Structures are given as structure tokens and as C-alpha cells.
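Everything below concerns the one structure shown next.
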Amino acid sequence: MVVRVQSAPFDPAGAIGGFATGCKRVGAIVTFTGIVRDLSGSPLKKMRIEHYPGMTEKAIMAMVDTATQRWSLRDCLVIHRYGDLEPGDTIMMVATATAHRSDAFAAAEYLMDYLKSRAPFWKKEITDQGARWVTAKDDDEAALGRW
Amino acid sequence: MVVRVQSAPFDPAGAIGGFATGCKRVGAIVTFTGIVRDLSGSPLKKMRIEHYPGMTEKAIMAMVDTATQRWSLRDCLVIHRYGDLEPGDTIMMVATATAHRSDAFAAAEYLMDYLKSRAPFWKKEITDQGARWVTAKDDDEAALGRW
Amino acid sequence: MRMIEVLYFAWLRERIGLPSETVETAAETVADLVEELRAREARYALAFSDLASLRVALDQELTTFDAPLKGAKEVAFFPPMTGG
Amino acid sequence: MRMIEVLYFAWLRERIGLPSETVETAAETVADLVEELRAREARYALAFSDLASLRVALDQELTTFDAPLKGAKEVAFFPPMTGG
């Protein structure tokens, strides 16, 4: 179980390859990769991600522990960046390894839902028109209800 | 949208990297990788996968078309092997790329459920005790009901 | 009477002992064709003894046993699929 | 009276104008501490005008505004998170 919170860019394919190589007696691996894209009307120049050092790692590790128990994870990797990112950059990734496919999917979706709304990150979009904080969506909060 | 049915081994991390590089204006990529593991009591020596050449590619492409419409896929990759595989070998992978994360997850799970029960592959487990055809699970058939 | 290519997969192929054969048939539906095959030899009768455990495709499209053969060139019989 | 480290993130940090400060407080609960902060200056009153749009963590654990401060060393205020 590895959690990395970093400003440095990373190569998701390389991280997935390393993760898969380290997994033994596993039948299913699910990965999610989140990428910066243009959400706003005016073209996005930067996505600035602020976080709460210390709490971020603890909060994510607690989610990973819950997922590990609940879906019998054999292994799990979470990488999340902070700092200034550009459109097309990878923001974060999650990888889950299990015996059965449905567990790998459920654990990855659970982690994504919780990372969205319970990990202390805040996104700010910077365009030619100025900067604005991304507001949390009601949908994202509601998504937690299914777990 | 790429569907590959092949006997040759492939590197899932490399395939994921190539897939991600080719995706433009995408916010979410989900991948599933299926790996041969010991399912039976006696140690598995080989997993032999038979398929129906021609129908396999058509059936998978039809699933990909349905998923593309339903979840607005920007891109999709399916690779499935046939022939003799050993424990630890990658059997198959699915990758979906979308604007929103929930679509990428749903499309990948849909494709997995349909590949399990509607793509013409048949698995045979070969152990020291002999060989046996893997039987389809009621759960796998039931999983189609949710779509 | 007309000719149709018949394919068998997985344990059905093993029980019948061949992967495919060209069959001369007067069958109107898949079920009629199965009856003709069953009547041939014991290994066919055994292989097709439980249709609930079999699936069928006409010209590479999944269908049901009551489907008409019409102009199909290829019919395939096999157990439930185990892909993924 | 005791000392507690107070952290602000995202737009709350921008409105208050600093990322953290050490505060001397007699507050029993998070809500009491918010009242003390609001009373300080207009920018605090403005920043904390709508608690429904804010979240709070005590010693890096999410909690609620009615939580007792007890021996907490660090309290953090921030808007709803937007990770992932």
C-alpha cells in the first residue's frame, strides 16, 4: 500500500507497470488516471492545486486502509500531485489489485469518490480572464452515499 | 477505438501508456487488466483459451460501439489473448477514456461484464491432475442485468 | 436440401471430435438442425443432450435455438462463454 | 487561555490573508473559536460568514463545528475539498 503526494510530474504508465510487477497472486488490476482538462469557458492556462501537508497523506492512508479491509485488496497505489499543472498533465492516479474483478473496480471507485470530497486538496483554475476556485459539486458529495 | 485479439503476450503498462498518449481532451482514463491466477485446488500449469476467430472481433467491437454511445467514450482499447497462458500472464485488458470519471468506470465495467459472458472465449485449466473447462458463473450472467 | 458450415467449440468440440464440418440439411430452424445432428450418432446425441447448457450463433451473431436458419452460411454451437 | 495553531486553506486563506497563525484562545469548541475570530476584524467576519460553506479539521482529522477543542494543537478551516 503506497500513497504519494507530490508536486513532481509522474508517468502513470510507468507507475502502473511497477505496481503490476510487484503484485503477486492477483487476478485483477484496475487503474484510474485523472488528467487536467479545460472545464471552464475560457481556455485553461493552469490548474493550481493546494493541499494540507500532513493531513493529506493521513486522510488518503485512512481511505486506503478502509478499502483494503472492505475489498480484500492485495495491493493499492495512490499518487496525487499538488502545485501548478497544465492541461493534459496527469493530476493523480489510483491502482487496486485484487483476486476478483468486482472488488478491484469497487475499491478504485470508492477511493476516487473519497479523494474527491475527503482528501484536503483545493483546485484553482487560472485562465486569461483570471482565477477561480473550483467549487465542490453536490454530485460528488452525494456519491459518498453509495458506500 | 481499437480491438486486438491475439495469441502474443503484451505489456499492459506499455499499452496503457500508448493509449493515454493518443487521448486528447480527456479527463479520466480507467483500465482493467486481467491476470491468470490459481483458481483450482491443484496448482495451475496452464490456462488454455479457445476462441471463435471472426466472431470474437465482431462481438467485442459491437460492445465497444454500445459503450461509446452510452458513455460518450473519447477512446477505447480492448486486448484479449487466446492460446496457452501461464499463471501471472496477462489475459486481457480494457482501457476507457472520457471527460468524466463516472463514465470511464461504468464503460470499463460494462465491457468487462460483456467480455466475460458474451465474447466467444472458453477457458480450460490444465493442472497436474488433468484439464477442465472453466464453467460460466451464474453471477457473471446476472451481472449483465444491471446494464 | 442445402449445405451449411457447422462449428463446435470447447467441450462440445471435444465430445463431437471435430472443430467444424459441412452439413447437408433440410432444417428450417436451429432446433431442427440439432435434431438432425442428434440422429446421426451417439456422440452427437450426447453432446446435444442438454440444450440449456449450450449457446448458438448464426453467421457469428448470438441467437436462440428457435431461430430460422434462413440463408445462414455458418452455425456455431458452444457452451456459455468464459472470457475476460 | 491557551495557544492553538490555526490554518486556513484555499479561498479562506486568501480572504484572511495568511496561511496560518498562532491564536490565544479560551474557546471550548470549534464554534467558540470561530466566534472569537469573527470578533477580531472584518476580514475574519467575512471569511467565516457562512459556516455551511466551510469544513474544519482538528489535528488533521475532519470534524464538526460543535466539536470540543480539548487538547488539540492544530485547527484548520477550509472550503469543501476538490481533490481527485
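Here the chain labels run A, B, C and D in written order, and each chain numbers its own residues starting at 1.
Just so we're on the same page, a residue touches a chain if its C-beta (ideal position, glycine included) is under 8 Å from a C-beta of that chain, and two chains touch if they have at least 3 such contacts.
Only a predicted model underlies this, so the values are computations on that prediction, with no experimental measurement involved.
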Chains in simultaneous contact with subunit B and subunit C: none
Geometric centre distance via CA averages, subunit D-subunit B, whole Å: 49
Separation of subunit A from subunit D, taking each centre as the mean of its C-alpha atoms, in whole Å: 26
Centre-to-centre distance between subunit B and subunit A (centres being mean Cα positions), rounded to whole Å: 23
Per-residue multi-chain contacts in subunit C, two or more chains: 84
Numbers and ranges of subunit B residues touching at least 2 other chains: 34, 101, 112
Which pairs of chains touch, using the document's own definition: A-B, A-D, B-C
In the complex with subunit D, residue positions of subunit A that touch it: 34, 50, 52, 54-55, 58-59, 80, 91-92, 112, 115-124, 133-136, 141
Residue ranges of subunit B touching subunit A (in the complex, touch as defined): 11-14, 16-17, 20, 23, 25-38, 99, 101-102, 104-105, 108-109, 112, 143
Touch list for subunit D against partner subunit A, complex: 7, 9-11, 13, 57, 60-62, 76, 78-84
